[in-house]
Amino acid sequence: MDNLYDYLHEKFKALGGTQIGSGLSAEFILLAFFPLVLIALLRGVNDTIAIVLALLFIVAVVFSAPFVVKVSKENTDHYNIAAFYVAIVMGIVMFIMLGGI
Amino acid sequence: MNSELIPLMVIFPLISAILLNLMHGKDKVVRAYGILAMLVVLVVPIFASYGNHLFGAHPVVDTLPQLKISLSEVNLAIEYNFAFLQKALVFLLAAIATFAVLSHISNEKKVSGVYLSMIMLSIAAVSAVVMANDIFNMFVFLEIMTIAQAAIVIAVGGVSGYKAAFKYLVFGGVAGASILLGIALLLGTFGVLNISDLHNSLSGNMTNPIVLTAVGLIVIGWLFESGLFPFHTIKSNMYSAAKPDIAALLQTQTKIVLVALAIVLLRLFGGYSNMTAVMLGLSVGTLIIGSVMALLQTDFRRLLAFTAVSQAGLVGIGIGLGTRLGIAAGIFHAINDAIAMSLLFITVYFIYERAKTTEFKRLGGLLVQAPKLAFIQIIGILIVSGVPPFNAYQSEFRIIDATIQAGHPELGVLVILGTILTFVALMKGFYLTFLKENTTKIALGKVHIYNGLPTVTYVTLIILVIACVGIGLFPMPFYDRAYSVALKILVGW
Amino acid sequence: MINPVGTIVIALILGIVFGMSIRGEYFNKKTYATIFGFALFIDIFMGSFPYYTWDIFVELPVSGIFLAAMVGLFTGKAFRER
Amino acid sequence: MKFQQSQEMRNLIAAIFVGIFSYFIIKALTDFDIVPGVSYIYNLRGPLIAPNMITVILFDWRGYDTLGEAFILITAVLTTGILFGRGVLGGDVSEKDSTPIRPSTIVQKVFAAPLVFIIVAFGVVITLGGHITPGGGFQGGSVIATAFFLSVVVYGFKKNVFNLSHNSLETLEGVGALIYLCLGLVGLGLSGYYLYNVGADLYPYLGVGDTATRLFSYPDSTNAGIIPYLNIGIALKVLSGFCTIITVLWGAEKK
């Protein structure tokens, strides 16, 4: 397990001064968050599909961990990142309102 | 019924703003008038009686056939509603703003009249948004609020403040234009601006694509004003760039505006499930991302900023459920959380004013120097994390209950996850500030002789703790009122 | 406004307010003459421009407000130079 | 290089989503029928108050909205002041003056000063005739502000025709806004409704006293009530707001 600690230490350096404990807590919450959202979205369609997809998603997310580095990079104070997400949400909101999803 | 004191809640802060700006430079006058004005601002909502106010005395008229509106009667004037919810929100705003004004007056050697006038303008604007029953009037005061908030952050000075305010104004322009375009589409389609009239015209019209466009545009504006998902970095940047006492005021205003605008949206388009789905989905994202980001911060102010944003997401979840229980719990949580987060921001303000920094790597070991502050802060952390017997427990419990009742148990799990994460983040902040060994020997500096800050801060903190415990022990008066508002939203005003 | 004279009085007051803040260094007798000549010219062309329906303006086809504001500006400037 | 590529990809995605957004808005704007709605009643009863319908809607039916818009301008002006150092925490930062970039020609110097007189007088006319003819406080104030701009551009800020400092402009702006707010309070005191158009008497049943009605009325075919006075307040506010902005920006140019 020492290797895992070193690995995470190396990865979390990008966050700049964050403790590994906080990074790990955030990571685990994110791991729980995505499959739950997937289930919440797809449960209306079919329970089995939702569970299977969520399990697959967990596997995929675990292999691409640590996820928290990417999330924190996308939530900095930079103007262009905020503008990018605002543009996407504007499009999606209008599409949901009128596209009839 | 007409109540004369209702417009004074907006007009008096506006007059005070003008006068304080004119007095800028005369220190004693500004101090005296600032305290006096805050007293009036606090007292007026208590004594105002419930009812409506019609501006310009223009009454309701029976419609003429030429109007092309299928309503039996139409409001001519701008109308303000004032009921228990409005009273609670306006009073809460006035109370938090009083601390911001008093802390400025008691802390600064040279008082800035312009700064106080901006605080007054934001109070007036938020009060107007809360009470307005007219969608265009609401927009006008939202714009005033956006500019005034940016000005308060600019007044702190420094590059970070300028950057935050610039971003806030740019995206505020996008959101404001979006709301205005939505209002224009509604006005063009139905010819009325009064929200009650629009509600009556809109019932059964929710398949009109122009109305749906308007819904989307106003929802985008709502997302900005309440700091939800795509705008959460901008809001948190504003909170962390402002002084923490102002951040307390800003987050209170954000939650109040969130509730006010959400009530308008639900009253107008409540029957449209896609809208509540969008609100719910983005709120869930804000809750989780906000608390994750809070955990990763290295500065106490930024940590609290992201916590405040994630709590706004929690309020949004309650409202976005669109059920009676959910809306009531959301409104209730907005009030509770505004108080609790203000408590935390004010404790950090005290540290910031005396240690001149809130970075974790420079703080530490403050428990020895400020045990009382540490005690109050740990109470605040427990309140925000939803521990009984405090008020946020009552509302978070009801939000989780509402998610399960609404048939979304996964959301309940997510709310619990977010709450745990908030608790972990805040405890991390507490540990690094108060418990960790102080390696850099930063001490809480001595305060000046003119500085009445400790007294003001401690009195405010104790009042806020008492309010939290009081609402926590006796939640029903507030929750029942919130529930009746929710009933009215869904059944009709 | 209170009566037909009200507009003229208010125009005069506004003129004095702005005239009080005007510096004198760019003006001499020729400038004053030019301004007044132009003012009269514009005045007659404007006619009874804001079209108040009171008798006093119907009979006198010049813009009383414009003239009053002009007189106010000169008065205010004279006040300031004293 | 890798970052740049990802940025380009993101720009493309953002452009697509903004395209979707714009498509729906343009579609909504192209096909909708406008219903006159309450503006029909406004137009029906407005001529009882004053002939200029725009002014009547702005200052009577929706006078409170106009108050809010005036305050947007005030807030923006104050914010500009804060941005350049007035009222920041820890004491004001002084403003510097700067001379014009290019010296003015002799024609400009001779004609600007007389023109200022005429423009100011014309602005006053537009303000005072606002309830009868096209015009009003916003327009008149802007016209007077152009006189200030002209003199600043030609003579430089320090030697311009008007001797208005930043502080006196702030005072003028405050006075303008207070005129508006206090005229609203007159209505609140007399009838119980904020911004009630006291002299106009559209609703005689409110029982506002005779003296008050006579104070704001004049022997005309229509009776605009407090609208002309509101126009004066707005004009003072708008002109001083614009002048403050140019003062601040001109002083900040050289820093």
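As written, the chains take the letters A, B, C and D, and residue 1 is the first residue of each chain.
Keep in mind that, in the parts below, a contact is a pair of C-beta atoms (placed from the backbone, for glycine too) under 8 Å apart; a residue touches a chain by one contact, two chains touch by 3 or more.
Owing to the predicted nature of the structure, the values given are computational and were not obtained by experimental measurement.
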item	value
Contact pairs, highest-scoring chain pair	B-D
Central chain of the complex, centres being mean CA coordinates	B
Chain centre separation (chain B, chain C; CA means) in Å	51
Rounded Å distance between chain A and chain D, as computed from the means of their C-alpha atoms	48
Chain A-chain B separation of Cα centroids, rounded to whole Å	27
Gap in Å, rounded to a whole number, between the CA centres of chain C and chain A	70
Junction residues of chain D, two or more chains touched	24-25
Two or more partner chains touched - positions in chain C	none
Overlap residues in chain B, where contacts from two or more other chains coincide	209, 213, 216
Sites on chain B touched by chain A in the complex	163-164, 167, 170-171, 174, 178, 209, 212-213, 215-216, 219-220, 223, 229-234, 237, 274-275, 277-278, 282, 284, 288-289, 291-293, 295-298, 360-361, 408, 410-411, 413-414, 417-418, 420-421, 424-425, 428
Touch list for chain A against partner chain D, complex	80, 83-84, 87-88, 90-92, 94-95, 97-98
Complex contacts: residues of chain C adjacent to chain D	1-4, 6-7, 10-11, 14-15, 18, 21-23, 25-27, 31, 34-35, 38-39, 42, 46, 49-54, 63, 65-66, 69-70, 73
Complex interface listing, chain D residues touching chain A	7, 10, 13-21, 24-25
Residue ranges of chain A touching chain B (in the complex, touch as defined)	15-19, 21-23, 25-26, 29-30, 32-33, 36-37, 39-40, 43, 68, 71-72, 75-77, 79, 81-82, 85-86, 88-90, 93-94, 96-98, 100-101
